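Here the structure is laid out as structure tokens; the discussion comes afterwards.
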Amino acid sequence: MLVNQFLFLAALLFCIGVYGVIARKNAVLVLMSIELILNAVNLNFVAFALRNGNADGHTFALYIIAIAAAEVGVGLGLVLLIFRNRRTISLDDLSEMKG
Amino acid sequence: MIRSAEALQTLSSGWFLEHAWLIPIVPAIGFFIIILFGKKLPMKGSEIGLLSMLSSLVLAGETAMQWIDRVNSGAEAQFIAPVVRTWNWWQIGGMKFTIGQSIDGLAVIVLVVVAFISTLVQLYSTEYLKGDRRYTHFFAALTLFSAGMLAMVVAEDTILFLLGWEIMGLCSFMLIGHWWEDGANSRAALKAFFTVRTGDMGLLVGVAMLYFASNEWTTEHLGVSGFSIRGISAWALSGEPNSTVILVASVALFIAAIGKSGQFPLHTWLPDAMAGPTPVSSLLHSSTMVVAGVFLVARLYPVFFTGFDILGTGGNFITIIGGITIVIAAALAFVQNDIKKVLAYSTVSQLGYMMLGLGAGAWLPAVFHIFTHAFFKACLFLGAGSISHSASHHSFDMKKDMGGLRKVMPITFTTWVISTLALCGVFPFSGFFSKDEIIDNVGHNGYQLFMIIGLIGAFMTAAYMTRATYLTFFGEARGASAGEHHDEHHDAHAPAHDSHDSHDAHDAHATEHTDHGPHESGWRITLPLVLLAVLALSSGLLNATPFGEKWERIKTWVEPRAEVVMETAPGGPGHSNVLSIPTAAEEGHHDSPCGSETPEEGVCYAPQLQHAPFKWSKAMLSLGIVFLGIALSWLFSTLLYTRKDKRLVGLTERNGVLRAGCNLLINKYYLDALYENVIVKAIAGPIAAAAYWFNQNVLDGILHAVARASRAFSGWVYRNIDQRVVDGTVNNSGKATKGAGGVLAPVQSGKVSQYGALLFSAAAVAALVLVIINS
Amino acid sequence: MIHSVIAAATEWVSPQVDYHALAPEIILATGLCVVLLADLFLDESRKWIISSLTGFTLLGAMLPVLTLGLSESSVRSMFDGRYVVDEFSVVMKAMFLIAGYVVVLLSTKHVEEDEYWQGEYWFLLLSSILGMVMMTSSRDLVSIFVALEFLSIPAYMLAAWRKRDIKSNEAGMKYFLLGVFASAVMLYGMSLLFGAANSTLLVDLGKSITATGGLSALHALGIVFVIVGFAFKVSAVPFHSWAPDTYEGAPSPITAFLSVASKAAGFVALVTLLFVAFPQASGVWQPFMWVLSVLTMTVGNVVALRQTNIVRMMAYSSISQGGFVLMPLAVAGMSEVSASALRSVVVYMLVYAATNLGMFAVIIAVSRKTRSGEISSWGGLFSYAPGLATLATIFLASLAGIPPLGGWIGKFTAFQSLLSSGSGWGYALALIGAVNSVVAFGYYGTIMREMWMKPVPDGDTTRVVVPGSLALALGITCVATLVFGVLPGVATHFGDIARITGAFGG
Amino acid sequence: MEMLRDHNWMLSVGTFLPLLGVLLLLVVPKANEQLIKKVALFTSIATVAVGVWTLFRFDFGNAGTMQFVDEKTWIPLIKSSYYIGLDGISLPLYFLSMVITLLVVIYSLDHIPSPGNPKAFFSLMLVLQTGMAGTFIAQDLILFFVFFELVLLPMYFMIGVWGGENRQYASLKFFLYTMFGSALMLVAFLALFFKTGAESFAIPYLVEHGGALAKNVQIWIFAGMFIGFAVKVPMFPFHTWLPDAHTQAPTQGSVILAAILLKLGTYGFVRIAIPVLPEAAKAWAPYIGGLAVIGIIYGALGCLAQTDMKRLIAFSSVAHMGFVMLGISTLTSFGMTAAMFGMVAHGLITGMLFFVAGSVKERYHTLEIARLGGILKQMPHLGWILGFSCMASLGLPGLAGFWGEFPAILSAYSPAAGLNETVFRVYMVIAALGTVLAAAYLLWLFQRVAFGEPKPEFAGGGHGHDDHAFHDVNKFEWFAWTPLLIAILVFGVVPNLMFKVLDPAVQVVLSGFKG
């Protein structure tokens, strides 16, 4: 059964994504890492759908893709905003407020 | 041996007996009137006080008459039931508390004394305190005091007794501190109240114990609560009580008596109490209030009788305290230069006699001594007041401001001498008949040692009174009595002196009489003196044992007859005619079982006491001792004070032993030092401070510690959870990834990623844990 | 096997739609389109119309909610149980709509006076509310996910609303990144669950757990990840870190909105999941909830103690309040407790919504004068604005849970259901909660002290102008707080009727 | 137990009338102080009028049974109802709270403490009144709890806003202390609720079923209540908030605090803790009694160490409440009735003392005992009133204080069956010692403050004030004080006035011990 490989791949992607989110300081890169995770999720869904012969997985995947697009849109918008205001998109500088 | 009921007479009663409770009520009302309207009245309220006292005197007198009829109406060996009336006062927890009167011989005699002396003293005060700035207050307090004392005397139950007792304490506080502008006065007042209050602790405890110990028995047999004095008495003699309980109770009660009656070692407040105006000293602190303690013992006599097994032993708590008091007080009286202090200590010592008598089973002589002592001691105090008022320019210092007054104040002098002789117990003055009886009976009841003490006391009494008399009335006039003017008085010792000297000076400024030099006082002062002197002279005849049975009227009227009483109905002998069944007459009432063994049926209200047969021989002995005292002291005084004899003057300085003794006396055996400097200072000082410190630092400290801790904790959480853990996780996850990913640039994580790290690591940890525990 | 999938997909039957049940959503949807368009055609001078439009939309949406509440056929299930309108959802819808309305009232002047475009603001607000309203009815992973994103994405933008304000940007960014990250994690969990249960329908998830005879690691992992997603939404410690920054940076009305509505939405989803999907898995989530709730209220409280900025303090306070809401969930697995647990969550959220919105209304009103978020700037408020100070006191006291103000009944029901469990864990948690509720007064008290007992910092005692809309908001919230407190029967009644269909298989 | 339900509207009216006054006050403009005062005054007068009417309607014949009972659904879900009633125990305290509030309002008419703002001050006072009265009539634990807590905030603000220099610390301390106590108390209530089968919060119901609980369960629940109530009383280890609160509070605050608030705790013991959990009460009694006597001695020592008049009076409260708790701890109807009487007496007397202290402070601007003196000389009336109150406070027979103190001591001699007699007799003796110390510190205070010559700094009127700074008791003070003074005297002479009301009720409360 070749489902498991998909799952492993997904898991790997997930971990890379998480690592990216944690370790990257560039907002855009973090955004990309999150996309990675989402794709891992999609992969999972499709794979499970395939294994169980249940179309819901595909549907879910489609929803995710659509909404992910929206998210990225918003995200980039915000990045743009920040870049306008402070000429950098490094997340480290985003520490006006703490405590 | 029970005789049939036919032989019993019904006891007579009368309106005044039935309404004796009015006696305290009248002055109580008088008090309120004075407080509320006194200032507006023409005589500033004194007339109300006088009036109310007069009316209670009349009431008391009538009551006494009717009581005597009552006694006479009874059979020779019949228990004369007291006239009892009770009302429900309050009830809680299913127990009923009554308030009411119980009039018997003891009550009657004390009622008369108190009412009488109060009246005289009020009359006296109208002159003595004329123009005082708190004239009205003074009379209010005086009247309230009388109300309290009378209430205590008529009390049927311990609660009312306690109430009167405390009211007296309050009034004594107010009256001693009457001239409170002077710190010394208010201190004396505080001391008096506080010392007495310390004793009252015993009263509270004692009353409580007696209540719970006796309540069952009394309700069952007499249908009265354990607060009823009759009930307690009967219970005490019923052979019922457990000996330790009743012993502890009587000790507790006696402590209260010690406090109130200025017995050793709590006597120290009484001399200081002389800081009050002289009328107060003569009323409260000699003749009436201070005998309250004695009265307590006499009132609850069966309790003490059983508790201390009075007839059984040759010495007990009461006699010991009484004996000590007699001697030490008398000794103190020697070194006083303040005439009032001499009298104060003499009072203490006389109270010692009464206690001794009671402790030794000489109930009647003791009570009789209350009676006689009241007259001559009041007279002496008023005399002293009269001197300071009219002759010595408000000083009480015998050495500085008196002397040779016998010519200028004949009345005062005569009355004084009469009372002094009475006090010394010279035949046929009243003191003889009471004091000598005490000494006699004490010996007769097997307390030989204490009889000797009594005789020594008599000797000393005679001696110091002679000294005082000499200093005051004989020799040449000194100081103020010689017409000199000096307002500031200095005294070698005891600042309390100064204090009250300056007080009486207070009302000197207040009063507007502007005569110079000594003179006799006005009638409002001398009249009481004369009346009292007459009584001091004659009152002894009311119970003149030497003249045989029929002279012993007080004995007949006052002493409760120790007969077994069959209670007809619960409610007790309160009903004025009680069916009582005396034991067989032919055996006389001397072997009535009361006190000695428990009556097989019926109850006793009084123990059977012995009476010493009077012997002139013994009387002569004691009289001899007295005269010896007078003679020696007279000689000594003339030598020392008038002749200034080399051998005597300054003897105390020269002879070490004497000096030591003198200092001991001057410092009042250092008892005050012990109380004030050691005990009081310790409690008010270090101990209280320690407790307070504990409060502020330990208890509050804990609180603050908690507060501080939580604040610190919040800081810690903030620093560690919000900051370090975050950073930590990041760094660790960074390291982890570095370890895994191999060659990676060192992690520079920004805040957001830190948050992310936290978020994910928490999730991961949770997942891990839960997955493990669930599979 | 791909063809099997196709085959499965081909048998398509169009679902019947209960328009009455969907009416609120539909009205909102049309409303937000209208708002969007109106923004295009209205010139600056008449922009205020938009805000009132928004308000009316929300009130309009209330009507069908009311009719639904009154209609006898209580449960309306659609799309074979993926979208259910039951009492629970009706009550919650009502709450979201009213809360939304209050937020609109808070925003009107605030947004007008800001130098930013208005139209989008209202549009975004409406759509976020729509997402919440949908969340209440979602009974399927997909619909939950969609609703979640629907309410979150506009919220991200609203947080960053004040474009040229760095703080606002930062708030939006942090909120966004972490939000998306959280939902990504959640999605991963969902995917696992789907794999385990082979269905996205919540009820089936529950069934699958029993069917497969106990929990598989897959289930456990999935459940935890999903819960994490919503724990983030309710800003439960340790998933709270975004909240303070975002709250501080976002415009105050939005902060109010986030701290009340979106938190509530998170709880709605959480409750639905726990009660409908994982009742059998209580072994997994009960301890998790226990730890979460202890951490949340404790950390929230103690950190709040040291705040100097009032909004930030309110942020931490709302975190710890979340902890109290979580309390009963820690024992909700037991069948005899579950009902009261659900009830107490609902009651608490109702009361909390009223109180917290009220508090923020006061904060907004006061900041109109003080122009500062520092607590010290509230000094002597009572002397020159007694009305506001009193209201603030009422709301704070209610948050602290002092009778007879709303807050106490919330805490009370929480304690009640905890103790009714009779389990040691329950008692322990109750005690911790009790202690925390005392600690909480520490910081609520500091604000009160500032208002009542401190002098006015800069001696400036110009009276605070409270615009009508704000006053109305204050009135509504204050009345609600008092009524809930004095007649708790009202609140508990709603809590009582709010039953979730399919909860615990019942 | 049968109930009398006629005229049951009266309690609700009497309790919530003050709130009506508050509403009126809210609409009165802040500037119009006269009107504000009028409104407050009339409200409290009306309240007292209702109270008096209640007294008339009250069937003293069976004071043991709940009267004016009213039961309305309130929170059906948690089986808690608006259930109120009045019996012999509640009546005196209920009425006392009304009267005290009225007197305090009268006193405030010309004594608004800084920083002024009578509107807020009176509003708080009236809210306070509702809370206090409500606590005494509540027959449902939750209702009781709500009223119990309702008292907190107003008092917190009264201390914190109108108090002395150190007010903020004191107010917060007061608040957190009480809050802590009541939090545990609430938990205890809930535990009780569930242990008795989650049927009802009604006290009568719980009295019926509470006794059936296992002993250790009872003990734990009692512990919760104990802390809650003991903090309020306050009993020995939990008392440290009291001196601060009293010292810092404005006169009115201190009076209300002393006269009513402290009674909430003791009332809680008598009404709830003991009847509901008899077993636990038996187990706890010796310790309560122990703490009580410690409190007596300890409070007295604290008094002796004070240099501030008000603080001294505050500490004396600790001692006096010690007597009350001693009476309660005997678990005999005798002791409890005494304790109930003691509560009222202490309310009257200590309230009076705080009034006097307030007026002294107002005139001398200090309460340092060392700086005071000769008050009798400068203001005889004030001085004598102080003396009277001191005498009453040290338990002089014939004044109210005595009947709270003496029977309490008496009752300790024979505690309820099952309690160790020896222990309680020791307590009795210690308590008796306490009365001596009481005499010591009160008279000492009186002697230092009232006797002697005024200190030079005040001799001429003090603080450069001209002499009218030392006007004697003025008419507002007379109006506010006379009722108290009369009550102290009357209850001292005719204690049965109250005993006959309390006694049957206490019997009922303790009926659980008979079985």
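Letters A, B, C and D mark the chains as written, and numbering starts fresh at 1 in each.
Please note the rule applied: contacts are C-beta pairs under 8 Å (C-beta built on N, C-alpha and C of every residue); 3 or more make two chains touch, one makes a residue touch a chain.
Since this is a predicted model, take the numbers as computed values, not measurements.
Each of C-D and A-C has its own count of C-beta contacts, and the greater count is at A-C.
Relative to the whole-protein C-alpha centroid, the nearest chain centroid is that of D.
The greatest centre-to-centre gap from subunit C, using C-alpha centroids, is found for B.
Note: centroid distance subunit C to subunit D, computed from Cα atoms, is 43 Å. Remark: subunit A and subunit C have CA centroids separated by 25 Å (rounded to whole angstrom). Note on chain placement: the centre of subunit A and the centre of subunit B lie 96 Å apart, centres being C-alpha means.
Computed centre separation for the pair subunit A/subunit D is 65 angstrom, with centres defined by C-alpha atoms. Across the assembly, subunit C contributes 173-174, 177, 181, 185, 442 as residues in contact with two or more other chains.
In subunit A, the residues that touch at least two other chains are 21, 30, 91, 94-95, 98-99. Inter-chain contacts occur between A-B, A-C, B-C, B-D, C-D. Taken in their complex, subunit A has these residues touching subunit C: 7, 10, 14, 17, 21, 27, 30-31, 34, 37-38, 40-41, 44-45, 47-60, 63-64, 67, 70-71, 74-75, 77-79, 81-82, 85-86, 91, 94-99. For subunit C in complex with subunit D, the residues that touch the partner chain are 343, 382-383, 386, 393, 397, 402-404, 408-409, 412-413, 415-416, 419-420, 422, 427, 430-431, 434-435, 437-438, 441-442, 445, 448-449, 452-453, 487-489, 492-493, 495-496.
Residues of subunit C that touch subunit B in their complex: 173-174, 177-178, 181-182, 185, 215-217, 220-221, 223-225, 228, 232, 237-239, 241-242, 283-284, 287-288, 298-299, 301-303, 305-306, 439, 442.
Considering their complex, residues 30, 73-78, 115, 117, 119-120, 142, 145-147, 149-150, 152-153, 156-157, 160-161, 167-168, 171-172, 175-176, 179-180, 183-184, 186-187, 190-191, 193-194, 198 of subunit D touch subunit C. Looking at the complex, you find that subunit D touches subunit B at residues 173, 237, 239-240, 243, 298, 301-306, 332-338, 341, 374, 376-377, 391, 396-398, 402-403, 406-407, 409-411, 413-414, 428-429, 432-433, 435-437, 439-440, 443-444, 447, 450-453, 494-496, 499-500, 502-503, 506-507.
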